[in-house]
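The same subunit A turns up in both complexes below, where it pairs with subunit B and then with subunit C.
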Partner chain A sequence: MSDLDRAIAQLRACRPIPEAEVRELCHKARELLIEEGNVVTVNAPVTICGDIHGQFHDLMELFRVGGDVPDTNYLFMGDFVDRGFYSLESFLLLLCLKVRYPDRMTLIRGNHESRQITTVYGFYDECLRKYGSANVWRYCCDVFDYLALGAIVLGASNTLPGTPAGEDVEIEVCNPDQQIMSRFLRRGRGRGAEGSPSGNGNGNGVTNGVSSTSPTPANTGPPGSGASGSSGGSVGNPAGAVLCVHGGLSPLIDNVDKIRLLDRKQEVPHEGAMCDLLWSDPDEIDGWGLSPRGAGFLFGADIVKVFNHRNDLSLIARAHQLVMEGFKEMFDNSIVTVWSAPNYCYRCGNVAALLELSEDDAGLGVLARSNGDVNRSTGGVVAGPRGVLMENDLEDQVLPGPARRYRVFTAAPQDSRGMPAKKPVADYFL
Partner chain B sequence: MAEASNSTNPDELYPIAVLIDELKHDDVLLRLNAIRRLSTIALALGPERTRDELVPFLDESVEDEDEVLVALSEELGSFIEYVGGPPHGHVLLSPLENLAAIEEPVVRDKAVESLNKICTELSSQQVEEYFIPLVFRLSKADWFTSKVSGCGLYSSPYSKVNEQTQSQLRSSFAQLVHDETPMVRRQAATNMAKFVKEMPANVVVEEMIPMFQHLVQDDQDSVRLLTVEILIAIAETVPKEKQASHGVLLTSLRSLIEDKSWRVRYMIADRFEKIAKAVDDEVVARDLVPAFVKLLKDGEAEVRTAIAGQIPGFCALVDRNTLLNDIMETIENLVSDSSQHVRAALGTQISGLAPILGKQETIDHLLPMFIQMLKDEFPEVRLHIISKLELVNQVIGIDLLAQSLLPAIVQLAEDKQWRVRLAIIGHMPLLASQLGVAFFDDKLGQLCMGWLGDTVFSIREAATHNLKKLTEVFGVEWASEAIIPKVMAMGAHPNYLYRMTTCFAISTLASVVTMDVIAKSILPMLEKLAADDIPNIRFNVAKTYDVLIGVLRRLPEQGTIYTLEKAGTPFSASPKGQQLIDERIMPSVEKLLKDNDVDVRFYASTAAQAATAAPVSGGEPMNTSP
Partner chain C sequence: MMTTAGGRHQFTVPVKKINTGADMQHFLVSKAYRDIVTFLHQLNRSVCPRYCADAAPAGGGGTTTKVRMFETDLSNSSAHPEGVERLRKLLLAVDLLSSEYPAEAYADRRFGNRAFRSFLGGLRDKAGWLLEEHLGLKSGKGKEELVVYLLGAWGSAERLDYGTGHELSFLAFLGGLWKLGFFYTGNGKEEEAERGLVLVIVELYLETVRKLILKYTLEPAGSHGVWGLDDHSFLPYIFGSAQLTRPIKDGEAMPLEGSAPGSPKPSEILNANSMKMWRGKNMYFSAIGFINDVKKGPFWEHSPTLYDISGIAFGWGKINKGMVKMYDAEVLGKFPVVQHFPFGSLFEWEAVPGARMPAQSVHVASQPTTTSASLPGLCTGAGRGEQTSWPLRQRLSGPAGGAGAATLAQARSVPISSATGAIQEPSGLGGQNPESQPRSREPPSGRRVSIPDLPFLEGKPSPPGAQYSVTRAPWAKDNDDNDG
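Presenting the complex of A and B:
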């Protein structure tokens, strides 16, 4: 077992690793993260998670519900630290997993991944308490500066696997209770022709496309990358891409490439595009508004729609705001807030959610991913055949959202938190 | 203190001098460390100088932080060997006596503990000469802290001294029992049960029962509740046939049962079985049965929870008729108790009644209760019932159990909370072994397969382990017909998270299937999955190959690793296993080695290593739980 695997095992038991190991881990993580762009490209299938806030045992619950790393691909949208009691263990575990399985794990920066915020909301104090010095906090903050600002998910399927045949289900909400809480059918246009939803017996997942040895070079870059130059008529991915960012949009950012141009390796500034991406919130307003948070902006439905249209996006996934139901879609399903800290601050009583984007039947989910690291994967090779371009694809101006399955879960029960559920009986008599 | 003696090299003594300096250091941490290494200092000084210099020094160092004093009290308890063995052991009493008078209870407790430890090593003469006066000094001190410590020092010297001193000890203890501060009385009550055990029955009757009676009438409930243990100790010492003649015991017992403080009643309820075992049968029938019923109906949920825990233990002591006529009805009422904790406690215990009641009565009385509790809104209650079904099964047989309880099990297996489902999965192999194949296939098979497609990862994982256990129960024939096809079908699921279940299941099942099944069902499926679009599936295939290679290396032509290991028959690997590895597995692994994805390559290389390395004892199911 390598040192890294041992560190992962130790952190999973909620025991911090020694300072020297943290230093080495953070060093490795920085080497890895510096190779990533400001906007990481991620291929479906992927499970998207929102704020964690140091609630380590709830993070474990998340893995229990969603599947373990590396078996399930995860994308965490920031705010790993502060407020909860185990910011250190939570962040270091995620970081270890990122270093161990870089292609299975994506971490992007939240507004709490900053020196100024962590000194106020608990992470700094926690490091000081657990190590007796602020060194570990310093190492972690250095890593924060290298975290990507956003991610683009490509190749997400438009159809949900395992749904009744003939129904084009766009959204499915599952509680952890084996029940489907609700299903939403796709509205309007019949898109049934491409990537037919298939039942269990079909075996599509194993039979389609991979054997094809003729990688068709794409005429355009992946949608959302801005490389196509035009929107709506992209030959790229009929599903459209999903942009993941912690807070939201910025008036200074009108296309995704502008994010790529930022110099992100710094403390989160008090204003400007980088600050806005981590701090903004969607709101029921027209255009832009001042944010009550004192950083970032409020943005309305029109802003989201224009941005999605211009960038060939079908959905923006973000975190940053507590939603009691775990997730909340707004503005005609063009933006969703995902929240993954159940019973936030151990008292809010909310449930948490994961967003699962499944792999595309058409075999588009196999764009190899490189993130700039030559040793990991060969970048840009497309292994599957492109989906046949449908006539109506060109006419559609609003991209259909990818099929989304939300898994709602609740806080880990007391007895799995490693502390006694209630005081022993003998205490009555003291 | 640290100057070199003739026999010792000054260089060696230098660290000791440092340690001794540290004993006086300003920093608490350093002092604490020095105390922890006190034995090293003593060893270096030798027994004589330890007695003459170190112990007197320690004697004066009671003016320190509590933390240091706790450490000191603890160290001194095992210090006899450093002062020259038991003949000199008494020199340690003086510092410990000082520590036993300290205000901080933690320090005193440790000091008392150490004193008792030392006492066991002292000779009778030493005890008479040094220990007993110490006990009396502490017990007669002005301040209650010393007296509290004194209370704990009576039982260990008692058997070592002559009769006269024994009687002095008893009268001194009586004074503590009658002390005016409740703290002292509480401590006396706590230690009395142990003290009683040291004496013959007649002394107990003459002197200890009056003390007990005094404590039972104490106006503090915190004292009264401690007398329950004394009652048990006395009742265990006094022979059962003589108990009846001491009406005091019974009156005390009755008054404790009816105490107005629920904490006292809780204590009684919690120790009910012990009490019932210590008193004679007549008292059980006449007094304890009504008391039991009364406690079952107590107004305080805590008391009911405690007494519910005593149900099978106590009911085994009373005769069947009394149980059925007097007790059963009240127990039945507990099923609909307003407190979920009471119902949960009842759930863990109620099955214990089945062997006591016998078949017919179990059907008449317990089954309706089970059925109602299985519908309880609180899942813990339901789980407790299910987890103890084995006992009931032994009494009424599987048919009856199945008819009445199966619907509830099925309902629980589909419970809304995934942790409840997880718990039920844990009970499945047991249920399966009791229900038999036909019944299982009919009623529960579908359920077990359904879990493979559960929305929660942990359930899917547990389901695969469940399948392995089921295969162990029902055998490989059954598995290849009932399980394998369904597991393989999961491999075609459109969602990668569910396809992965097939990989997990194969790894888990590897040790319970035969060569034939591997060759005909498993390998073709894996070959398909090895070409999956999603890298996560491909590296899980590699992981699975790794496990399979380990198994194939050891697997003979017939039988499975599990059955052969269980039977203890030696077996050797069939060449066919190696052939399968070379012809069916390695080509796939080679392909995976050239995969685009780094994780796939990593796990494929692990599998390739397993295939080329010397045969290993593998076959461990992989652990994927977070």
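Presenting the complex of A and C:
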């Protein structure tokens, strides 16, 4: 058993590895990451995950639900650390797996992978507590600087394997026991988007606590699924590429190649393109807006649609925002938020999700069948605040999204975690 | 700012003054900082158990000594001092107002509930009236000044969060009322009023806030994640530990360690039965009870700091002393927390004349250091809750850099020790050998926060300014409150 395998085994048992090993691991990881571009290319099949935030036992649950490494090809969209109790164990395990299986594990940077943020939100405190010094925090922060800023997923299939013949399933939602909770068929093209049923996934769905005013018909998608038929439909093109990034878009970035030109090997700046990619959020606005976070921007459906069109993308996958249902598609399924930290901060009561994109083994993609409005509600039409011109311009050019399988899971059981000895208290109490 | 010409006090609407990290240094020598710290110490000391005056420990035969402990009281009791009772009614009115704004149902909302904004809007419309109705505060007589602190006490409408900065605003609201003589009784029973402020008013405030947090799913405004003391609150840990500290005699300083007889052990916060027994009487247990209510998972995992503190061997006095120190460093010393605090005539931005510039403190050692020039300092304070926001919400125009961090770190915690003398031993001395320091460093109990020559509330006696002398920082010159 190599040192690395031993470290992996130890971390899987939720035990931190010695400082010297962290140092060596971080050194190796840097050598590996420095060779990656700012935007990593990943081939489907791939399983895309959102924020982890030090919830180690839930990360183990994620691997149980999504399959173990290296059997499953993973892409984590950042925010491994902060807030939770086990940021250290979580990040180091992911980093070990990255070094051990570099082609089966992609890590991109979240806004919490930053010196400044980790000193505010807990990871710094955690390292100090667990090692008695900030050395490990420094090693980890040096790795953060080398993490890629985004990833492009190529070759994702239009269809899901294992779905019934004759049904063109666009979205499938599964529970942790591999049981299908719901399926949503790809709808036909044309003006379908306007006729989409309501429900929270009508493309003008809900984000940032902003509510859709329409009621949710019982037979439309579950919250967050976006499964209300407003995807652009499909006429046989292979699914377009999927851009993965932690936060979202930047007004300074109009095409993916511009991301590639950034000098990423630095602390996350307070502003600028690199900052925006890690900090921005989609919102129900037109164009760009100021972010209440104080960094990054808000961006509307029009921005996403133009960007996707220009870059031959069918979907942007991002993380960065707690969504109670674990995932949430917005803007006519052009962008999805994936959140992988169940019962966030021990109290939010949310479920988590991961997103599986399967491999397009037909090479050209499968001709999708037009299923009209099968299995769709027709009520509650909501024509939301889309950019009207944009809609008309782009409607026939929106790439069909890849078929998506979301696996939803809840927090890991906690019974087995023994109570540790109390540690020495902070200076204040001495 | 303040003028005493003709006995007229000039109120001003408080405004934000802390705009950059560099302003922290000024804040920590300001009159506002001094008064907040002094007021906090007064409240803290007021709830410490007492030996009854006629039964002070007599030499070796102290077996008959009676100890009076003070419990939280949310009851509708006519025994509350008048000022406390009026304030209680005001808080109940705020609570009632929130019932007019039910949480909105969103099929797919994120965390914070937008109905909270409507509630805060409603409160803004009504707050002036509430102050007049319940407290008799009139326009031009402090209403416009105090309403700002009252409104700042419930959370952020923009971010839908609540944290220690809002809690601080409530403390300032109470401190402002105190300065206006609202709790002046003229019969030497001010300490009863102080006690009521903590056990009735602060606890009722915290209960109200907890309801708001649950109802509107407010995010923690200040969060070191699990490594912070508490997602939202700090004061209940100070006052709650004081409630259980070793008893003192009148005029005696806060003990540095020891527990009151009959008090639960600190480790009993983990015991469900003790929790049940104490949560209704003690603010520390009450606060932890709320954590247990809202969090799912092992306590040691979601609240490791409180868990470790529960292992402290030297009693609640030790915990109390640590909590006050920690409050100074982690709340008052943190730019992200206090940057929104507004300054007016009651809490003045003006520096205490002759104040020494802050010197290096022991806590500097725990500050993160970095080799990255792009890492601004002043970032170790509270953040913005589930939805992470930039610690320095206003992007600093210049590089904050290491200099900023050093400034804050240096500025921290020393003024409080100088201002009050009670809590900050010279590095290493008190920490290593607290038993050797039994003597009082507490300001003598007659000293009160006040503003001389203020016009007082209608129908209230004017407090004799001479009796109300502000606890002065050692560096302050005499009568500095009277210089324009």
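In the analysis below, the second predicted complex is superposed on the first by the 330 of 430 C-alpha atoms of A that agree within 3 Å, B and C clash if a C-alpha of one lies under 4 Å from a C-alpha of the other, contacts with A are read in each partner's own complex, and residues count from 1 in each chain.
Following the convention adopted for this analysis, a residue touches a chain if its C-beta (ideal position, glycine included) is under 8 Å from a C-beta of that chain, and two chains touch if they have at least 3 such contacts.
No experiment lies behind these values; they were computed from the predicted model shown.
Legend: residue contacts after superposition of the two complexes on their common chain; A:Arg347 is shown touching subunit C, with no touch to subunit B. When the shared chain is aligned, subunit C comes close enough to touch A:Arg83, but subunit B does not. Once the two structures are overlaid, the count of subunit A residues touched is higher for C than for its counterpart among subunit B and subunit C. Using the contact criterion defined above for the overlaid structures, shared-chain residue A:Gly66 touches subunit B, although it does not reach subunit C.
In the superposed pair of complexes, A:Pro45 makes contact with subunit B only, with no contact to subunit C.
In the superposition on chain A, A:Glu359 makes contact with subunit B only, while subunit C stays out of contact range. Contact with subunit B, but none with subunit C, is seen for A:Tyr101 once the two complexes are overlaid on the shared chain. Of the two partner chains placed by superposition, A:Tyr131 touches none, neither subunit B nor subunit C.
When the two complexes are overlaid on their common chain A, residue A:Gly122 makes contact with subunit C while staying clear of subunit B.
Subunit A uses residues 200, 205-206, 208-211, 425, 428-429 to touch subunit B in one structure and subunit C in the other.
Remark: subunit A residues 53-54, 82-85, 87, 111-112, 115-117, 119-126, 128-129, 134, 137-138, 141, 200, 205-212, 216, 223-224, 266-267, 269-271, 279, 292-295, 321-325, 328, 343-348, 411, 414, 417, 419-420, 422-430 touch subunit C in the complex. Listing the residues of subunit C that touch subunit A in their complex gives 104, 106-114, 158-160, 220, 223-228, 231, 294-298, 300-302, 304-305, 307-312, 318-319, 321-323, 325-326, 329, 336, 362-363, 365-366, 368-370, 372, 374-376, 379-384, 386-396, 431-432.
Subunit B makes touch with subunit A in their complex at residues 222, 225, 263, 266, 270, 414-419, 421, 454-459, 489, 491-500, 528-529, 531-536, 539-540, 596-599, 624-626.
Against subunit B, in their complex, subunit A makes its touches with residues 12, 45, 60, 63-68, 70-73, 101-104, 161-162, 174-179, 198, 200-206, 208-211, 356, 358-359, 361, 363, 365-366, 368, 375-378, 381, 383-384, 407, 413, 425, 428-429.
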